[in-house]
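Each of the next two complexes has chain A plus one other chain: chain B in the first, chain C in the second.
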Partner chain A sequence: MAKRGMQEATFLILTALAGGAQHGYGIIADVEQISERRVRLKAGTLYAALDRLRDDGLIELDREEIVDSRLRRYYRLTAGGSSTLAEEAERLSSHVRTALSRLQLTGGLPA
Partner chain B sequence: MTDSNERLERRYRRLLGLYPRSYRQQHEEDMLGVLMNEADSKQSRPGLAQTLDLLRGALFISGRYWWQMRMAPDSLAVRHPVFVIRLRLAVSAWLCFVAAVLIWGGYYAWGVLVLFFVGLHLLFIRRTVLQRRRN
Partner chain C sequence: MTDSRQRLEQRYRRLLSLYPKSFRETRREEMLSTLLDGSEQDRTRPRADEAVNLVGNALKMQTLHSEIPDRHPFGLLAFRAILAVWIIVATVILCSMGLWVWGAVVFVFFPLNAYLADRIVKRSIRPDRSIRPHRSV
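Entry: the complex of A and B
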């Protein structure tokens, strides 16, 4: 996965969980905030991603709670999930540094 | 809960019925909570975008569950890999012949469809071989 680059939704979900265990709705709200209201995950997408991430060992079940007679499952990042996210963040930020420095050289960067 | 909300929940449950049973047992209530949280109080049916997203999710997760089931330790492909590979090769050869006849006869679409299944068999063979090499 690290080689091919991570999908943005995956990256944002892992980033949301890097702040601590969260349940489905919490992740949606957090991802919306992290992305400055640009990404609003839908339930089908979120749960498909969670299922895959859990299979890949990047996240795990933290706990279950009943709120307003509804079950909430909280997920947290595993150690593998943390290091995968760190690698991806490092990869992205190196791209960002390159882009910014090149733009600066050619004067393409708005002041 | 309002009347329209109850109707909405029933409709969401029907959509969630498309997910694999074992997945639903673990996640249905949780997902329903998220879906109902998103809904406004007068809404009585799921929105188009939400529905399409759930359908896509159901397809995705069913596909993965199906794939995992095939590769479970007690599946035939894992217990008798050589037999399964030979059987699939034989079936593929036979299907290639069928496809050739269909295409020769002018039934191009049917021929391509049969070739698609040949492709699936070859994918399974590849997966089984890789699995064996890894073990």
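Entry: the complex of A and C
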């Protein structure tokens, strides 16, 4: 079976971590910024995704910190995570190129 | 820590208690930090969308992480009973936070959903039926 595209939330989480290790709320804030405030991850969704990504070997624990008696775990991309994100980004940008060039051909692209 | 912060923390803890034990043990404190980091200082109740998202994800983990004993009739009965209690607890927690509508949604639609899923899976197991449990979208 052909490999299915990555979910947008997963793509954005990996993109957030591509900039360096981050903790839970750091990822949420970064994803909000990357998506220009369109995507605000909820904690339940984030931790389900982090669990899955860790099981798949795409991310790993970077370090733990206690700030104001609160536990913060930082995550980072693994080598596999980086290459998976790169592949997905390439796949998406190829789709974007095709869409833009076809729109140009049919005059559907606003000037 | 301020009083309102403590109240908020307590309410988020109650919601997190709906997750499976193994998940709670490793993730609760960390998730709590993330939830509190994302909350305004004067907030005393969880945001409705966060609360509902936690309940939904907790249910997903409860059903996915547990070994559903499909061969043993008593095991299946026990699983359903646990799920029924879980739904009641989730409803009570949501209602206690003033999220009445969401409490009602969980109380009515989660069992309905589970019932329908059960029916579809049962039908699909029989070879003479054409409905399949999973359809890729």
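To be clear about the criterion, the second predicted complex is superposed on the first by the 109 of 111 C-alpha atoms of A that agree within 3 Å, B and C clash if a C-alpha of one lies under 4 Å from a C-alpha of the other, contacts with A are read in each partner's own complex, and residues count from 1 in each chain.
One rule holds for everything that comes next: a contact is a pair of C-beta atoms (placed from the backbone, for glycine too) under 8 Å apart; a residue touches a chain by one contact, two chains touch by 3 or more.
Keep in mind that what you see is a predicted model, and the values were worked out from it rather than measured.
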Chain B and chain C placed together on chain A: clash or fit? clash
Where does A:Leu92 make contact in the superposed view: on chain B (first), on chain C (second), on both, or on neither? neither
Taking the superposition on A as described, I'd like to know which of chain B and chain C A:Leu100 touches: first, second, both or neither. neither
Looking at the overlay, what does A:Tyr25 touch: chain B (first), chain C (second), both, or neither? both
- prompt: After superposition on the shared chain, which partner residues are touched by A:Leu46: those of chain B (first), chain C (second), both, or neither?
  reply: both
Next on the checklist: Output check: A:Asp55 vs chain B and chain C. Expected answer is one of first, second, both, neither. What do you get?
Outcome noted: first
- Query: Who does A:Arg73 touch here: chain B (first), chain C (second), both, or neither?
  - Reply: both
Chain B and chain C footprints on chain A meet at residues 23-25, 28, 42-48, 51, 67, 70-73
Counting only contacts in the complex, chain A reaches chain C at residues 23-25, 28, 42-48, 51, 67, 70-73
Chain B residues touching chain A in their complex are 23, 26-27, 29-38, 49-50, 53-58, 60-61, 64
Chain A residues touching chain B in their complex are 23-25, 28, 42-48, 51-52, 55, 67, 70-73
The chain C residues in contact with chain A across the complex are 23, 27, 29-38, 49-50, 53-54, 56-58, 60-61
